[in-house]
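So, here come the structures, one by one.
Both complexes below contain chain A, partnered by chain B and then by chain C.
Coming up: the complex of A and B.
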């Protein structure tokens, strides 16, 4: 049994204009020790999905199943979910500058989490907190425990958040854009830290990001999200070698590459993401897709095996599925299609 | 000045703050040390009524021959007691209700805040009068009445503060770490509301002093013969033409205290308002 099984997750907000479905029928699994990447642009539902798993979305309807270690988190009483949060599933957020309570000493914040979930006494918790700080690479841990968050740099604060997330040896860490607010050199350090921890502790990570570079370097499998839906799922190697969804092509083309001519312009994806209160009838990406045909605007494609790809490489796209209605890009190699 | 003590910086910076602080401290000392400071017993008739100021009676005697200065000093105790306890009632009641309303949202929020709106619809003194009509007159009931009157504004203020805090990352992060509702409130919400609540409390203190004076003036606050500034004005005004000191002295005492508290509140706001301070901790 997988560590985390998400099945048909739907998160709906009530707005003045109507129901906004931020997460639409998302299903995936995370195995123990695995690192799963979730990519997509802003507003694609990545963060809300993570918060839905933790049951931390205020005033939204969350449907579906979130089986974690055999129990459906969405059905558990609040008290039980709280015991899971921080101890079995931890979450690290995007902005390290504001994720720590500015008026509490860092040591206090760390030991509170440890004591909350383990019932350790103050001395044991302090020792553990110091150990965690050194694990994430903060020197003079014992002394720094007495410092306030503003006495740390952004990169250090994100390390502290990671330390806090790891405080109770969780089985799963949801990392929501954790390197977005850091500069490039610090980003590399934090990612190296995560890789080391994932390898040492067999912790499973869900890396939520819009940065394909992180996905390439960190993850085993990738889910590409668009407009609240999963649009492509593949092993990371397959996704980069043979992406099948035009949206993924767009994501890849908007990145600079080592092997491309430097004078070649980057290609942005034209247009804007869909309105999720009034989602389009067909494929949500059809409006922005250069390869869209009539069927794309009329019927929403199912998430199924992509033509000409490894088994388990799923795609929600008429053009690259081998179906009677579509499949017109089924055998176009990605590079050729993108340059066409 | 370090950024750690914006209050000290404000005191150092502004003469008005210094004056307000000095005046408030003076009133506090008088209120605290009243029984030892007052030259005479405030409730004994010691001389002929309405004597002019003399060496024995610095401000003269009142309409039945009690020492006016001693009564003023003892009136300060009443004013402070009522002001502090009434403000505390309003602060605690309002903060708790506002916190619950904002945190639990939905129907709880609507129920609490609509009740507060109803209370707010009454002018402060009228509400206090209505509550006293139910509870009966007296010092304790006056305090309760003024305190309840302060609850709605505190609740609204607290609710607004907490709503804005709930969107902050560290609150979400704390919940993601498994913190309970009570812990989130106590550790991650309440400490951040202290400056605002403190600033509002200074003006609330001033308002409580005024309302107590108003109630005592109407004979619904402190019961005679205990001295209270409002009551002294009420009895003194009958002799306004012959012995104006009887009404003017307690009037000035009220004015001075309210002025000092309001000025202090303004200074505190200047010192603690995050919008008027450079943000610390962000590059």
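Coming up: the complex of A and C.
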């Protein structure tokens, strides 16, 4: 049985203009010890999805099932969800300064989490907190427990958040853009740390990011999101070798890369993301898609097996599915040069 | 296909802008009642370079490197503490206010956060026309026509001119910011992180726009950015900053293919590639520790506390920027040899990088 099973997750906000469906029918599983990447641009719904799983969007209506270790988190009483949060599932956010309490010493914040979830006494909790700080690479851990968040650098604060997430040995960590605010060399340190932790502890990670480089280096499997929906799901290696959704092509082609021919102009995706209060009738990506046909504007394609791809490589696209109504891009070459 | 032009104007032409020994210091509030000098933060410490006409010159570095401060000091926003900035042959610290106004027209800036840098109570037409009004460049029908032309040039519909900033997406707003900068027909633009707030698909639109404008208008661009892939894509020459100093300056291709300063090499090796196979091969050089505080920078070479090659000499004397080959200079006592594995190409596996050694203690 999978560690986490999300089924038909829908998150709807009420706005002045009408209902905004930020997450629209998202279903996926996370296996024990797996690192799943969720990639998408602003407004794709990736962060709201993670918050919905944790039941941290009180202002929205969340529907569907979130089965974790056999229980549906969306049905549990608030009290029990709180016990799961932090101890079995932990979440790390992009901005560590706003997630840490600025007026409490770091040691106090760490030991509080440990004591709350494990019932350890103060001395044991302090020892454990110091151990965690050194695990995440903060030197002189014992002394630094007495420091306040502002006395740490941005990279160190992010490590403290990771330490806090690991404090109770969770089975699953949801990491939302956790390296985005960090400098390149510090980001490399934090990613190396996460890679080591994933390997040593068999913790499952859901890495939410807009950075395809991080997806390529850190994850086993990827979900691409667009306009609140999953549009492509594949093994990481397969997604980069054989992307099937024109939006994914667009993401890969629009990226300046350290190993590309820099005299070639980038191929941007023209247009802007859809308005989710008044979503298009058909495929959310249709009006930006160079390959769209009439059916794309008429009906939303289902998420299903991509033509000519590995089993389990799913795509929400009329053009690249093997269906009677579509499939006109089923044989299009996969490389950027050949597509252009 | 709109290809980018071949790199760099011929070097024999005089540079459009030279920066000599630029220094930028900020006095800090006293932390106690103790008497004595106020603490001073040196954000930029003796930076020199020259930008050729028509080239894209990039400053890269991490937070606190002083790259943005350098870009602003060039435009005298605020004026530098020391050093000389010469624009088109004129020393900007010596010119009279009236002439400075005329020169300002020729030097414009594009900011990172387009919404914060545009007046949200003005329509796009007004935003783009304002600099023309200030410099008295156009009036009446001519003015409206120029605004229309500018919006078209940056890929916006002229009909959108009567809308307000909040009605636009981030990418569209950045186009408005670019149109405003172009309104006074500058020859030099400082672009401070112009695409880092944008999503990748939109970022590519703005990168292509900058490349096209530079080609069509013959603009000289100082690009300040932390995203090395973006810098590599747009630049003719690149300067790397660390803790207020230039550590390396080189032609773009040379810098990315054969970095000579250890910091540059570490920086390049740390960039993830959107390719799982290349990622599996990539061996980033993991630097230990963080950038030291600019209030108490290390003696000698500022990078020595994180450098795996540091020796006693590095603590004793600060290396100066010296030429190491055609179109390449680095400030390092022990530069990387030529032919050090490039990280910019999917290449055979790198030899394992040396493990960063703990910093060598300075001799007493």
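Quick note on the criterion: the second predicted complex is superposed on the first by the 333 of 340 C-alpha atoms of A that agree within 3 Å, B and C clash if a C-alpha of one lies under 4 Å from a C-alpha of the other, contacts with A are read in each partner's own complex, and residues count from 1 in each chain.
In the analysis below, a residue touches a chain if its C-beta (ideal position, glycine included) is under 8 Å from a C-beta of that chain, and two chains touch if they have at least 3 such contacts.
All values reported here derive from a predicted model rather than from experimental measurement.
Engineer: Who does A:19 touch here: chain B (first), chain C (second), both, or neither?
Structural biologist: After superposing on A, A:19 lies clear of both chain B and chain C.
Engineer: Return first, second, both or neither, reflecting whether A:183 touches chain B, chain C, both chains, or no partner chain.
Structural biologist: Second partner only, chain C.
Engineer: Based on the superposed arrangement, let me know which partner A:93 touches: chain B (first), chain C (second), both, or neither?
Structural biologist: first
Engineer: Now for A:122: first (chain B), second (chain C), both, or neither, which partner does it touch?
Structural biologist: Touch partners of A:122: none, neither chain B nor chain C.
Engineer: So, does A:277 touch the first partner chain B, the second partner chain C, both, or neither?
Structural biologist: neither
Engineer: Going by the contact rule set out at the top, does A:192 touch chain B (first), chain C (second), both, or neither?
Structural biologist: Touch status of A:192: second partner only.
Engineer: Considering only touches as defined above, state whether A:255 meets chain B (first), chain C (second), both or neither.
Structural biologist: Once the two structures are laid over each other on A, A:255 reaches chain C alone.
Engineer: Mind working out whether A:156 is in touch with chain B, chain C, both or neither, as first, second, both or neither?
Structural biologist: In the superposition, A:156 contacts chain C only.
Engineer: Thinking of the overlay built on chain A, is A:302 touched by chain B (first), by chain C (second), by both, or by neither?
Structural biologist: Neither partner.
Engineer: Using the touch criterion from the header, give the chain among chain B and chain C with more contacted residues in chain A.
Structural biologist: C
Engineer: Indicate the residue numbers of chain A shared between its chain B interface and its chain C interface, in ascending order.
Structural biologist: 154
Engineer: Could you pull out which chain A residues touch chain B in their complex?
Structural biologist: Residue list for chain A touching chain B: 54, 56, 58-59, 82-87, 90-91, 93-95, 97-104, 112-113, 116-117, 149-150, 154, 161, 164-165.
Engineer: Per the contact definition, I'd like the list of chain A residues that touch chain C in the complex.
Structural biologist: Residues 41-42, 153-156, 183-189, 191-192, 210-217, 236-237, 240-241, 250-252, 254-260, 262-270, 272 of chain A touch chain C in their complex.
Engineer: Going by the contact rule at the top, pick out the chain B residues touching chain A in the complex.
Structural biologist: Residues of chain B touching chain A: 105-106, 166, 168-170, 172-180, 183, 187-188, 191-192, 280-283.
Engineer: Would you pull the chain C residues touching chain A in the complex into a rising list?
Structural biologist: Its residues touching chain A are 1-4, 62-63, 169-172, 199-205, 207-208, 211, 226-230, 232-233, 252, 256, 266-280, 282, 284, 286-287, 290-291, 343-346.
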